[in-house]
Amino acid sequence: MIGIIMGSQSDLIVMAEAGRVLEELGVGFEITVVSAHRTPERMFEYAQKAVEKGFRAIIAGAGGAAHLPGMVASLTTLPVIGVPIKSSNSIDGWDSVLSILQMPAGVPVATVALNGAKNAGILAAQIVGAFDETVAQKLKKFKEELKTKVLESVTDIEQNGWKPKKIGF
Amino acid sequence: MIGIIMGSQSDLIVMAEAGRVLEELGVGFEITVVSAHRTPERMFEYAQKAVEKGFRAIIAGAGGAAHLPGMVASLTTLPVIGVPIKSSNSIDGWDSVLSILQMPAGVPVATVALNGAKNAGILAAQIVGAFDETVAQKLKKFKEELKTKVLESVTDIEQNGWKPKKIGF
Amino acid sequence: MIGIIMGSQSDLIVMAEAGRVLEELGVGFEITVVSAHRTPERMFEYAQKAVEKGFRAIIAGAGGAAHLPGMVASLTTLPVIGVPIKSSNSIDGWDSVLSILQMPAGVPVATVALNGAKNAGILAAQIVGAFDETVAQKLKKFKEELKTKVLESVTDIEQNGWKPKKIGF
Amino acid sequence: MIGIIMGSQSDLIVMAEAGRVLEELGVGFEITVVSAHRTPERMFEYAQKAVEKGFRAIIAGAGGAAHLPGMVASLTTLPVIGVPIKSSNSIDGWDSVLSILQMPAGVPVATVALNGAKNAGILAAQIVGAFDETVAQKLKKFKEELKTKVLESVTDIEQNGWKPKKIGF
Amino acid sequence: MIGIIMGSQSDLIVMAEAGRVLEELGVGFEITVVSAHRTPERMFEYAQKAVEKGFRAIIAGAGGAAHLPGMVASLTTLPVIGVPIKSSNSIDGWDSVLSILQMPAGVPVATVALNGAKNAGILAAQIVGAFDETVAQKLKKFKEELKTKVLESVTDIEQNGWKPKKIGF
Amino acid sequence: MIGIIMGSQSDLIVMAEAGRVLEELGVGFEITVVSAHRTPERMFEYAQKAVEKGFRAIIAGAGGAAHLPGMVASLTTLPVIGVPIKSSNSIDGWDSVLSILQMPAGVPVATVALNGAKNAGILAAQIVGAFDETVAQKLKKFKEELKTKVLESVTDIEQNGWKPKKIGF
Amino acid sequence: MIGIIMGSQSDLIVMAEAGRVLEELGVGFEITVVSAHRTPERMFEYAQKAVEKGFRAIIAGAGGAAHLPGMVASLTTLPVIGVPIKSSNSIDGWDSVLSILQMPAGVPVATVALNGAKNAGILAAQIVGAFDETVAQKLKKFKEELKTKVLESVTDIEQNGWKPKKIGF
Amino acid sequence: MIGIIMGSQSDLIVMAEAGRVLEELGVGFEITVVSAHRTPERMFEYAQKAVEKGFRAIIAGAGGAAHLPGMVASLTTLPVIGVPIKSSNSIDGWDSVLSILQMPAGVPVATVALNGAKNAGILAAQIVGAFDETVAQKLKKFKEELKTKVLESVTDIEQNGWKPKKIGF
């Protein structure tokens, strides 16, 4: 079981990708909103109950001065995966990236790419898959499909040429 | 009364400047270490008791993914002044600046310059001075002294010339 | 009473947020345009009369090479809150952020996030609220409402699911 | 069992921290040098044998255009933890941070702070600890010790004052 | 013969420019998709067969944590030209620029400007042209045409004036 | 007489502002296209004839790796004003800003803000105005008009209120 | 006559270069300290008297949130040359560069490179030299000497070889 | 034959690496100083004679606003390899990187890493090696030696352990 949280409901458009890929990989999860700055007590309780709820990892997405992933990490021994979100008044995403990534020694956050919620989901599945053969197999298959898609585009270019068609752009 | 906190005792070399200038301006204060990531419960308690302890503002310094100022701001209605500290593995200070400055709408942190603990102290005194004539007068005198020091350097250059002496560099 | 100024009337679309939140929090204010670069004398006069007009703090918004907040701070002992504005030819907002934030020792500006006029208003109210119980109570209520809005989105997701609906995107 | 690799023996001064903390937390590991650019075949073999060697996670450190963590991640379904290293001709560390963090959808790398090898070790232990109660307990104790150290500095300041002594700086 | 590869078919809209200019300069080429992260074995094989296929240079375009150019360079002695692509979740292109440019000593990538596929094609032709007089002549003519186009705009301004017409903006 | 040049006719949409303000300030000028990279000989000739053509300053605008202003400055003793232009594949304008601004000791370029062609024109007029009373008077009047426009917006807000009207946004 | 000012006497180590090169080029100048933030009235007076003192240009150096060049420019019609200084708590010099360069339309500052006081002096001489043949001739000679120094190093390498000697590094 | 040039003799400490590796790889070369800004005519002549002198490629190193590589590229059809040099007043190397890399369409520069003169030499050899079997064989051997050095460090760690010895740091 994976916990997925985000600082605001508006982040759902990004964070839903984590849920979708976990569904695809057969890993259970729960999604909710927990704000470090607007509901600090709720964040405390969420992080402190994470182990007893059976979570194996927590995915936390936030934008701007993004404190949610790091604060949750300070309150649990579970691995916390941080998703920097490029929100509207963000300075090109640098603020969320740096305030999630640059955690002090002792309290890591496993940071993924800007808006990388899909990768956060895959990473959570990889953590489970390191101990669960069924999930490991699904990850293998997932990797195969990535490859297949590339090979299909190889064939497409071989058959239809490399010049992008005017229409479609 | 002003509360001064920092994420680690090693930050004291920067943050002590805030204490020194508050002493000079006649504003009482308390200094201690409160770590958002290593002592989150202590941070909660500190922030929630700040009003009843009679604080008028809190100065919080932190480096890297600096969550202390913003988290304290989420837990009190007092003005919180954030001091970004350029710590050893910081990415040139950008991480602490952005993770303190870029707070979401609803929870401000009054951010000062990188390593700007002295200015944090002055700002806290200005907040008090907006309601306390004695402190306001001390701030006026402080501003006069800034000016005097510039005028002394003007005289120094007039008398000793503008070419920097070899010795001293 | 809070003074709200900005470098150009076109900044009003950002800075009006400061006025709106001060209205909501029951703190009086005045809004006008004062340009550091186009009306330097007016800026001098504004800053020097701020105390006698009964202001407790000044909120100053500016973009690009944003000198208004820092120059006003050099001319008054009141706390000055700076709002970096991302104007049209700004280099991603870095210019306004750095030219407001990085004030030299002796002359602080309380800087908020890029385009963070709402937070500037809240911070000004917090300064007043540190000495005025009525405003402090309104700030408490404001914080409660932030929490309520998060909890409503929690319920919304519980009832309607986490998958963003196609429509609305 | 955790695999720890780095692009060059000179990275050992940073990466040894990962080994030290895994020792402290009672998690087995292996350390070696694997270069993406100088020994690509060795990297392929290392990554492809990681599961059968019983690794639960791989920690990979690299500097500059740091391709090792991402390439290993492309070749295994295990979680890969990336440590950006600030090497000599690095552009302030930005190159290693971005070339590890910004992985495309499908192939995540769990990135930690610049030079954050200690946190990489803790994160690997957290992954193991999510499934192994003994390690989980050690992580709890580790967190307690972080807290204790902060509280000791609190006492130190209470007893010896906040003014940094001249000697020692 | 030049090999042109890219990490994803969606990069074709940028990379096709390399093909177009090589056509114009009379240099043969092959275009296909090779993904470092999704088809690492294919990338290995592609790079290792490049010499025997008669390639004189390889142009590789990729975005985000762009490992394709550097990894191909690690697997061949041919010159590799890297094209940083500004992909959708890129942090303003910095990620692809730095992860292609900042290669460690021993394994160069000839990096061109962000989205600079056309220049990558010209550079590949210049490599061929350094040994092939026909191509060198075509490059000379190409340079003449660049000049002619500038001189035409000089004439246009002389005849039609420098004030941009309202229509067209 | 001021020479205004730019690297490409497409820069005219930005650079025309320099011409417009020089017209307004009564300073003569010539506008043409000179490309450092496509017409290097033309650039040489242009720069070397600038003094004998009676130019008092040269305004040069360019984007990306913007070498035009600096190269012209290397070929004349006249003051050269550089306008960094944010072109389409620019990395947020940083490339043009830095390649114009950071000239080595001995060869200055007077750099203005990104896309700041209007200011380049004013600066050129200020150079003339330092020696020509008529232009100096026009610059004074220009400064007065800047002030008047601010004062009109002050009146507008006093009369129509500070709340931006819904329409117009 | 050129006015040279700087925000603090500690900037003299950088700014003295402007004086030295103006001496060499035979252009008169005055050097003093004027602080925008600590002596705003002095700055006003300095700028407003610049024309009547016979200045042809003002060189202003400042670090951090560097407001001196821009504010002086707002108060005079003379050309103002800004020198960004990399001061101790500067964020790598970006703060001073951007707060001098990015002036709003209407009020230009002729910005030179970080710590580029020598170039500021040359630029001031070029402004004078555009109207004064004696100075123009000295600038020509100065340019010749730059060339001579390069040609001497060409000869040095031809005679002594290109391998840097161990001693001297 | 490869031409190696740099903007200043002080760059030789970086650029000599290009010469050393070309010696090792058996490719002839010539090293001299050519300054774009101080000896523009010499630069013109150098670039225009490059083909007739039998050069196959030109390596050009420069710092700050680095125009040498791009200007040489504008004057020859040979491949030009640019080496950004981190000079003393550089803004962390960004200025030289961007002013070499971001060349406009039509005039490519093959840019290598900051201070990457060794890689510039290897790249030049790769260009020659694409047409010259002897050099290609030397490049293969060079690649083998890179691998050998990594494998030696693998053995070193296996035999002497991974804990860095106190002495040596």
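Which chain is which? They are A, B, C, D, E, F, G and H, in the order written, and residues in each are numbered from 1.
In this text, contacts are C-beta pairs under 8 Å (C-beta built on N, C-alpha and C of every residue); 3 or more make two chains touch, one makes a residue touch a chain.
The structure presented is a predicted model; accordingly, all values stated were derived computationally and were not measured.
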## Note on the structure
Between E-H and B-D, more C-beta pairs in contact link E-H
### Task
Going by residue numbers, if over half of the contact pairs line up, that's a repeat, so tell me which of B-D, E-H or G-H repeats F-G.
E-H
### Query
Residue numbers at the subunit G-subunit H interface: does the shared fraction exceed half, giving same, or fall under half, giving different?
different
### Query
Which angle of rotation, from 0 to 180°, maps the CA atoms of subunit E onto the equivalent atoms of subunit G, to the nearest 5?
180
### Message
Just the number, please: Cα centre separation of subunit C and subunit H in whole Å.
### Response
50
### Query
How many angstrom lie between the CA centroids of subunit C and subunit F, rounded to a whole number?
33
#### Entry: Interface hub residues of subunit H, defined as touching at least two other chains
8, 38, 64-65, 89, 91-92, 94, 97, 101-104, 106-107, 109, 113-114, 116, 146
### Touching pairs among all chains present in the structure
A-B, A-C, A-D, A-E, B-C, B-D, B-G, C-F, C-G, D-E, D-H, E-F, E-H, F-G, F-H, G-H
### Query
Inside the complex, what are the residues of subunit G that reach subunit H?
86, 92-94, 97, 113-116, 146-147, 149-151, 153-154, 156-158, 162-164, 169
### Query
Hey, which residues of subunit F end up touching subunit G in the complex?
51, 56-57, 77-79, 81, 97, 101-114, 116, 118-120, 122-123, 126-127, 129-131, 136, 139-140, 142-143, 146
### Message
Per the contact definition, I'd like the list of subunit D residues that touch subunit E in the complex.
### Response
7-8, 36-38, 40, 44, 63-67, 70-71, 73-75, 87, 89-91, 94-95, 98-104, 106-107, 109
### Task
Please name which positions on subunit E make contact with subunit A in the complex.
8-9, 12-13, 16, 19-20, 31-35, 38-39, 42, 64-65, 89, 91-92
